[in-house]
Amino acid sequence: MKKLSARRRHPLAAVVVLLLALACTGGLYAVFAPADKAQAEETAQSLTIEEGKKLYTVGCASCHGTDGQGTSDGPSLVGVGAASVDFQVSTGRMPAATSQGAQVPKKKNIYSQAEIDQLAAFIASLGAGPSVPTEEQYGPEGADIAKGGELFRNNCAQCHNFTGKGGALTKGKFAPTLEGVDPKHIYEAMQTGPQNMPSFPDTTLSEQNKKDIIAYLHAVNSDETVNPGGLELGGLGPVSEGLFAWIFGLGALIAVAVWVAARTAKAKKS
Amino acid sequence: MSTTETTESRSRGKAPAGERVADWADGRLGIYSLAKANMRKIFPDHWSFMLGEVCLYSFIIIILTGVYLTLFFHPSMNEVEYHGSYVPLQGQLMSEAFSSTLHISFDVRGGLLIRQIHHWAALIFLAGMFVHMMRVFFTGAFRKPREINWLFGFLLFVLGMFTGFTGYSLPDDLLSGTGVRFTQGAILSMPVVGTYISFFLFGGEFPGVDFVARFYSVHILLLPGIMLGLVVGHLILVFYHKHTQFAGPGKNNKNVVGMPLLPVYMAKAGGFFFLVFGVIAIIAAVAQINPIWAMGPYRPDQVSTGAQPDWYMGFAEGLVRYMPGWEINFWGHTLVLGVFIPLVLFGLVLMAIAVYPFIESWVTGDKREHHILDRPRNAPTRTAFGVAWVTVYMIGLVGGGNDLWATHFHLSINAVTWFVRIGFFVGPVLAFIITKRICLGLQRRDKDKVLHGRESGIIKRLPHGEFIEIHEPLSQDALHTLTAHEQYKPLEIGPTVDENGVERKVKGSEKLRAKLSKAYFDEDGQIPKPTVEEYKEITSGHGHH
Amino acid sequence: MSSQDIPEENLPAEQDTTVAVADEKNPFADPGLPPHEHRIQDIDERAARRSERTVALLFTVSMLATVAFIAAYVAIPHDKSVFVFPIGHLNALNFALGLTLGMALFCIGAGAVHWARTLMSDVEVADERHAIAAEPEVKAKVMADFKQGAKESALGRRKLIRNTMFGALALFPLSGVVLLRDLGPLPGTKLRHTLWSKGKLLVNMNTNEPLRPSDVAVGSLTFAKPEDLEEHDHDFQNEIAKAALMIVRLQPDDIKDKRELEWSHEGIVAYSKICTHVGCPISLYEQQTHHVLCPCHQSTFDLSDGARVIFGPAGHALPQLRIGVNDEGYLEALGDFEEPVGPAFWERG
């Protein structure tokens, strides 16, 4: 609650409240809306798009244009698909605070999943693009971890590091760490290629390939990952190992050497 | 004395077993004469004198664990399919070297521990040598008669770097393979012979199927063999020269003050071996190093970001990273300066510190033996040079990790690279100037202390209202310690015309030497230490503050 | 120039090694070794006993740790992992063995050092040093011996022996050098050729299927190998080290380099994946800027401008592979690379 009250005065607070209200309305409507199923689905679909458009006008249109055609501040969203919206908004990258800076960082998401779905539906209605993957697509069943590892080293490790710890790109850009990222979002990122990341469409990296990669990442970079040797030291390789050897290895040995060579306390003269 | 007691007790009955064994050995090896000179050899106590022991012991630990690893490691690049217990690699194609390293890490009980001890000890060995070398440098312990031992030590450091490199390349994992690829690219950059050396080293094109086996024999036999010889030589010389010591009461150039080898240093140095081994074993228990299973087997078309060598090669890596991409094409040939210049610089920077002792002794012209260590402040130019050298080295390390600097401090990688490019030239100059000033400042403070005493912190108010701080005169111990260092006079070229009026030609080298000598020893190079006259004038005068 | 001609007075005066009390003449004189002060253990037997017990305790802990090491080796399965705060999930056996071994060793060392520090004599002793260089008489004797030996060998007089011996000694190491010849084949033109040739299909590394232009979307990144190269092939590593390909699709309008456009197909361009600096597989492709960065040394190439170098230590652009489409609609190479791929070398030209 404390967090909430601290953010009450945030410039976006009004927007959030508005969005929440809208979401509630939409949600309530969805719950209570009566109807015959087939027809209802269609109506629900168009209503969702409608709601998405409202959300879009408030949160996105200033940069991406009123119809998603793009402006100098933001790219066109025609044809980016629902997957892209789900990734960008769920990870908090969109709406971006500013179009300046090397790249838009991940931050706290301010939309509910229902709102994101509405936004996604609206954007998807602008032009065909990848849809949001289902759990069947990114879930662990039927995945080959070892094949995923090979694919990861071939396609991903060059930017995201061996086990997805992230790395530097040019001029302040960076490939973010993949630690704690929702498998769905990893799948969407591969599909859509957010920001400077290239996309890996199904034609070049098949659905099964993506599933394997996600399973591999879960094996080597999650809470349950076993690092048999002990401290992972950031998983960054020899640089952190070298620092550790100097500070804790040589440091400890010098401390021991000081003890070995120091004078033993003398009896106090009374 | 205990010796007389034993002789007496022997006359009554048979000598104890230990003595009989010693007698037997003496008859064949002459151990008594050897022990006579060394058993009660004196070692001075100072923590920084144990840095060399850190290196020696980690070297021994590396040999012990290395022998164990050879029992399980297969230095072969034959391709196999992995079916061991590490799931995320099952069914993958890899070299036998890689799969046997996985076997050591996952299926040999304690294998991972020994691997980790081996690798951690290697990092600490090199770090220890670096710090040990700097200790010797900044205290002037490299002066006559120890120049050869300085070179032995330097060679050990350089060979250690290459032994480390050939060692971490053996598992044939994606990270080390990238390092080997870099090495091959660097070899290719050598004019005229590069391509040939590369083909001979790798048995053809990169990566080929030979380099692991070849690196293996270099790593476990050739280099450690040479190093072992150098270590033995290094130690013999340490014994022969006897250890240096810092100035202090009762300590001078003709003696060495400390504790005897038997029993104190036997226990301390022997115990220190176990302490070093213990600390490294505990580090290997809690901290993972070189997790090759996470990196995967080497494939020349795969790579990971954050591809760095172990720390001791980081300085070379940095040189390569911040060099601009110069390439000259002429008459059908390519001069790959962008890679070759860093390669040459790598050697030159290392050589600069190696030959320094000879340059300094040429400048001073001093041919006497030196067994009393300098405090770094009392040799400002040398200290400044050393710090400038360390700065170049450190800037190389920063450059070698420029991508991690960028990601962890939210900087642009291009900005970091430009920073180190400029830093390579500006850094050492700044470091030199600042260090020299700090040294001179500290010398002035010492002089003040000698002449005016120590600031006691007691404030006294004089009858006329002035406040003064009382200075306590130093003890004779302190006075002696602070004035024990030697100071050279700058070299003068002398008259260029002799008494007969014949002009003498002054050689260029002589002029250079005079110039250097001036830079070292004139009033900008050192603060003249307080003389007895100055001291007397001040202490005999009335109240001072 | 020898240092003989340095005037003596430039060197500082030899240090006075005589021990003296401070007097009028020299207040800075060496007062000599300070008198030995006793430790508590030297005068209080109870303190000494305490030290003895500490040392014994340390040695005993070491023994127990070794027993624990053996117990851990026998009892803990090698694949068991445990969670240890704050380290995380780790291998139980490695952790147990390392800690017990470390403990056993550390306690031996700590015991020995504590023993030395508290119970062995701590009286500082001064040892004399002797000049390293030999006395003049010794030197004279050695020189005389050497001269006699040299004379008896007649080496100086019989020049023929000397010269031929030097010749023989100088020549024989050559056999060692010659023996190294078979370490590897001569380079020839191997660095200039790759597996690519006219008509070879571009096969997707991920799916092992030949690529069609429609598979490659704008903004995507694909890696390809020549059609007849399989991972199981014995020369796979050597060939992929040269043939690895990076394929991206640009809007044809975005391509600034004329030759690049000519060698592309509908905006699809194929570049060598091997960095021209020292050969790292370069592939950090930024789809908006079209820059590709090498993770090893940060050479940056602009794929929309003939892959020219825009930053970093690489000396020349990435080689481009000329591609087209065959009758069945698959992407194919229209020949080998026109210049050597990978790092530059002397004969590259």
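Which chain is which? They are A, B and C, in the order written, and residues in each are numbered from 1.
The definition used in the following text is that contacts are C-beta pairs under 8 Å (C-beta built on N, C-alpha and C of every residue); 3 or more make two chains touch, one makes a residue touch a chain.
No experiment lies behind these values; they were computed from the predicted model shown.
Distance from each chain's C-alpha mean to the overall C-alpha mean is smallest for C.
Using mean Cα coordinates as chain centres, the one most removed from chain B is A. In this assembly, the C-alpha centroid of chain A lies 45 Å from the C-alpha centroid of chain B.
Chain A and chain C have CA centres that are 36 Å apart. The centroid of the Cα atoms in chain B and the matching centroid in chain C are 16 Å apart. Across the assembly, chain B contributes 106, 112, 116, 268, 271-272, 275-276, 279-280, 283-286, 288, 299, 301-307, 402-403, 413-414 as residues in contact with two or more other chains.
Multi-chain contact residues of chain A (touching two or more other chains) are listed as 154, 158-159, 167, 169-170, 175, 227-232, 260, 263.
Across the assembly, chain C contributes residues 87, 90-91, 94-95, 98, 113, 117, 122, 205, 223, 281-284, 295, 298, 311 that each touch 2 or more other chains. Of all the residues in chain A, the ones that touch chain B in their complex are 102, 145-150, 153-154, 157-163, 165-172, 174-175, 216, 219-220, 227-233, 235-239, 241-246, 248-250, 252-254, 256-258, 260-263. Contacts from chain C toward chain A in the complex involve residues 37-44, 81, 87-91, 94-95, 98, 113, 117-118, 122, 204-207, 211, 214-217, 219-223, 248, 281-289, 291, 293, 295, 298, 300, 311.
By the touch criterion given at the top, residues 151, 154-155, 158-159, 167, 169-170, 173, 175, 193, 195-201, 203-206, 209, 224-232, 259-260, 263-267 of chain A touch chain C in their complex. Chain C meets chain B in the complex at residues 1, 3, 6-7, 9-15, 17, 19, 21-22, 25-34, 73, 78-79, 87, 90-91, 93-99, 101-113, 115-117, 120-122, 124-129, 131-132, 180, 183-187, 190-191, 205, 223, 225, 231-232, 234, 237-238, 240-242, 244, 273-274, 277-284, 295-299, 309, 311-316, 342-349.
Against chain A, in their complex, chain B makes its touches with residues 45-51, 53-54, 87-92, 105-106, 112, 116, 120, 123-124, 127-128, 131, 174-175, 268, 271-272, 275-276, 279-280, 283-291, 294-296, 299, 301-311, 314, 400-404, 406-407, 410-415.
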